[in-house]
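One structure coming up, written as structure tokens, with questions to follow.
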Amino acid sequence: MEEHKNLKTDETDKRILELLVDDGRMSYADIGKKLNLSRVAVRSRVNQLIDNGIIEKFTAVVNSEKVGKEVSAFFEVDCEPRALVEVAENLASNPYVASCYQMTGPSTLHMHVLVSDFPELESFINKELYALEGITRVESHILLRRFKSRSGLKL
Amino acid sequence: MEEHKNLKTDETDKRILELLVDDGRMSYADIGKKLNLSRVAVRSRVNQLIDNGIIEKFTAVVNSEKVGKEVSAFFEVDCEPRALVEVAENLASNPYVASCYQMTGPSTLHMHVLVSDFPELESFINKELYALEGITRVESHILLRRFKSRSGLKL
Amino acid sequence: MEEHKNLKTDETDKRILELLVDDGRMSYADIGKKLNLSRVAVRSRVNQLIDNGIIEKFTAVVNSEKVGKEVSAFFEVDCEPRALVEVAENLASNPYVASCYQMTGPSTLHMHVLVSDFPELESFINKELYALEGITRVESHILLRRFKSRSGLKL
Amino acid sequence: MEEHKNLKTDETDKRILELLVDDGRMSYADIGKKLNLSRVAVRSRVNQLIDNGIIEKFTAVVNSEKVGKEVSAFFEVDCEPRALVEVAENLASNPYVASCYQMTGPSTLHMHVLVSDFPELESFINKELYALEGITRVESHILLRRFKSRSGLKL
Amino acid sequence: MEEHKNLKTDETDKRILELLVDDGRMSYADIGKKLNLSRVAVRSRVNQLIDNGIIEKFTAVVNSEKVGKEVSAFFEVDCEPRALVEVAENLASNPYVASCYQMTGPSTLHMHVLVSDFPELESFINKELYALEGITRVESHILLRRFKSRSGLKL
Amino acid sequence: MEEHKNLKTDETDKRILELLVDDGRMSYADIGKKLNLSRVAVRSRVNQLIDNGIIEKFTAVVNSEKVGKEVSAFFEVDCEPRALVEVAENLASNPYVASCYQMTGPSTLHMHVLVSDFPELESFINKELYALEGITRVESHILLRRFKSRSGLKL
Amino acid sequence: MEEHKNLKTDETDKRILELLVDDGRMSYADIGKKLNLSRVAVRSRVNQLIDNGIIEKFTAVVNSEKVGKEVSAFFEVDCEPRALVEVAENLASNPYVASCYQMTGPSTLHMHVLVSDFPELESFINKELYALEGITRVESHILLRRFKSRSGLKL
Amino acid sequence: MEEHKNLKTDETDKRILELLVDDGRMSYADIGKKLNLSRVAVRSRVNQLIDNGIIEKFTAVVNSEKVGKEVSAFFEVDCEPRALVEVAENLASNPYVASCYQMTGPSTLHMHVLVSDFPELESFINKELYALEGITRVESHILLRRFKSRSGLKL
């Protein structure tokens, strides 16, 4: 929800974005063929999209379970209001933490954590999370089933 | 948390994954140079990682605010227990819904929604979400601040 | 949070608005004197502010206790999601209801009610509110103390 | 809910109040014509209504979105009980705060806030609200839709 | 909170009430001696207090544990709003129910129940309370310790 | 729920208790006539019931509204667990407090308060209740309607 | 909390119970040696303890994780009040359910479930639990760490 | 949820476990007859099951009500996150505490307590539980009815 200038993206830019969200390694030549553009024109537009921050990065989406991160946990972290930003920055630097947001609603932080198994989760909770000053209450939930998980658009 | 066979990934695979999470368009030649592998060997390993589902896709991470999706909302959707799976599949097919999970804790669905503005949010809530049968209560929260948002590892 | 065009209001308009919020009956001549404008210029600007909806109305702020509305109650009204809009419109037409909003957070309506006394409140609750179809739970709170109550700016 | 003497208002006073709530700038002559009173009699009654505090002020109702206050937020502010009055007085002096009430129910303050946009809201929350001593927990909600918003009668 | 006329009670009436709340069987002669009144004057005033409903009844306060009512339970009974009054009247006629109130706050009934032991409590809950139509949720609490229990003044 | 010896009360004692709960001033002679007992035998049994604590006192039930206690409020008082007993004893000595109980469920005190009006309630809350050390949160509810209020049996 | 006669157990019975809770296979001869009793006297007392239901059974305590029940889950199952007993009996017959209790507090069932892994848990929840009629809401929690787990005394 | 090696148990081991869970004092000879094994082979397998921790102990299941533990209470103990492990270990050493677990969900400890009666429960709560440092809130519930209580498998 940061400030931003009104960036001009036309229909062609949108088509390029859709293709790259769908396949981040599609060659500029292939994109060009689909959109009746030259490879150079595509590259120029993509570079523009990167320069103004519309494309943040290209990435490979890795299945966390298959690389041993078998437990996905969501946390609601209640903080003393005055400590919230400091706690959030502290948690954001923790390698187990995949994301950390401040939301409307209660004065909690919403946090996603990926760990290998329950002993690692218990250790993360008791040794890393509960050890932070300014945390007053924590609520944790474990992922049971994923119905949709769109990648490519930043939450 | 679906079932999965123990997949063998060695240290070299892990290095390749790290490089591709960091830059999803890095050429196999460049990866090879960094890891002392031939381009062909890299391609073969990447294809293997794709075939066994470790790499789910390559994608461009698009800044949602900069393409006009300025409101990120999180929803807790309470369902009649017997309707939960049907509601979840219905929501998963809605284009505003970025992700939809079933968690331990209360019998709710956890859902991320991206909309352009508040009128679109209100319309989504009153016309699409509340119209579904089997929903008993909805709680919504708006993203205020993003402290960390790791891309590349599936939550 | 409805849509609206970007309306041009300059510094002089803002000064006029401040004066009229402070005293809704100030004469255009007096406003003109304070701002070095002619009475006709003030009238023209005020009419413009009314025409484009910036000034919604002029009103007298009446002390509700002193005209016998001694109990101010706030309600959280939980509805079956599919019935929410209909319930809201129904409540909005009730003369005891001073305001009725849909908020983020739980799928409730937030409602302000002014009644003369507790028997009238109990009657409103049991005979008018609880009688509506689609209401599943109601929570009521009574005003104890008013620390600030700004008038003139629409909530 | 402050103490007050039983003020005598007759039917004519009530008609005058209704007319002035509906149009705060109606001239005394026009009111007189509608009620078969002289302009002087109307002025005398209005002055009486002002003197005994029944009419608190005349004001212009300004559409907050159209002057750039596009986000209306409601807050529940939990305080250490001993700090509640001090926190309330502190918040009442904050220019973003439109109203601030103590209610029955939980020992929270109910507060309405008007800001220009989400960055301003986030800044208000993290820098002004959370910085106050004696606040233990905050819950915020954003206005989605206004079904009724009566002006003229003080909540 | 029912309507009532302003009843005139003077200081002497108040002293009589205090004496009778303290000892409901004190003779009118003894009351008269303490207040310098004749026995007839006391009787006349007491009859007046009874006639206008200030004294509702004289009673013996019986220790519920010592007559075998060893479990005091408090219930919060959530009802479908439309069924609340009917459920309340139904519960009020149940001999285990000592009191039953509608309060502000959530749309529940607050109820006090006296039973002999836990099997009787379980039977009351499962066979009498849960069997009523229109009840959606029940919460029960058991008395652990009585710090104050004023008798004589109707709650 | 204090300890107690098994007290022997026979059927005649129970009939006497019923008559005295119903009319606390019924003469021993009248009781005797109804139960075929001598006046002396009734007195002896009543004294026995008083001596072993079955009859705690005789009292007049006074209508609180009619003596100006027009607002009945119920409070849930959350305490720091270590301070609970001290807070409870403190509140029990407050003249506005009619009853104060510790229950199973949350670590709160359940308290009934009788005040004359809302300004007195607000003053009790802000000056007497919130001023106590060891209180972390308070929830208050106002009596709307009394469906049953049995007197004579100690809750 | 079922009814029961006052059973006479003397100090020797208590010592025998302690020894058998500690080692359920201790021979009567060994117990006799420790307590200066004959083997026959011990057997006679143990049979007596079994006959009057003080000893419910002898059992082996099996480590659930080590036989593949790696996920221990606790559930709070909210039911329509009228369906609670039927739902409870239904759940009690489910082989995944280790225990099922009705408690004071909210009208939920408290249930312990042992499953092999998360897919089995998800399947139990979505196919067996949510499929039951009369269930309105479910809350689940996963065991993270066992600080004490006394066996031998029935909860 | 502690770590553990994959222990090999075959079908015969499982049959032995079932028999011993059902009757913890069944002789090895009787087990052997049922499974076509020698007494020595059964002993050898049972010793193996004990050595690798699959059988934790043999015990007698004692009916807690019949030995005077008539009140079963469940507690949710909220702790300051940093104090949770220390509080848990402290509670685990208390003889009234039958079990004490850390769960996902809120940062509470889940605890089972067995006491003789309500005065003992009140004393445990006010003198032992509330006296511990680091406890912020406690919620207690009393067992009303036991629908299933499987013994033999460790929760």
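So that you can tell them apart, the chains are marked A, B, C, D, E, F, G and H in the order they are listed, and the count of residues begins at 1 in each.
As a working rule, contacts are C-beta pairs under 8 Å (C-beta built on N, C-alpha and C of every residue); 3 or more make two chains touch, one makes a residue touch a chain.
The shown structure was predicted, so the numbers you read here are calculated from the model rather than taken from an experiment.
Chains that touch both subunit B and subunit H: A, G. Of all residue numbers seen at the subunit C-subunit E contact, under half occur in both copies; the interface is built from largely non-matching residues.
Centroids built from CA atoms put subunit H at 44 Å from subunit E.
Centre-to-centre, using mean CA coordinates, subunit A is 8 Å away from subunit B.
One finds 40 Å separating the Cα centroids of subunit D and subunit E.
The distance from the centre of subunit A to the centre of subunit E, with each centre set as the mean of the Cα atoms, comes to 59 Å. With touch defined as above, residues shared between interfaces to two or more other chains in subunit B number as follows: 1-2, 102, 104-105, 118, 122, 126, 136, 139, 141-142, 144-145. Subunit E contributes residues 118, 121-122, 125-126, 142, 144-145 to its touches with subunit H in the complex. Residues of subunit A that touch subunit D in their complex: 1-3, 78, 80-82, 84-85, 102, 104-107, 136.
If you check the complex, the residues on subunit A that touch subunit H are 73, 118-119, 122, 126, 129-133, 135-142. Residues of subunit F that touch subunit G in their complex: 104-105. Considering their complex, residues 1-2, 4, 7, 9, 14, 17, 20-25, 52-67, 69-72, 74, 88-89, 91-92, 97-105, 109-110, 112, 114, 139, 141-155 of subunit D touch subunit C.
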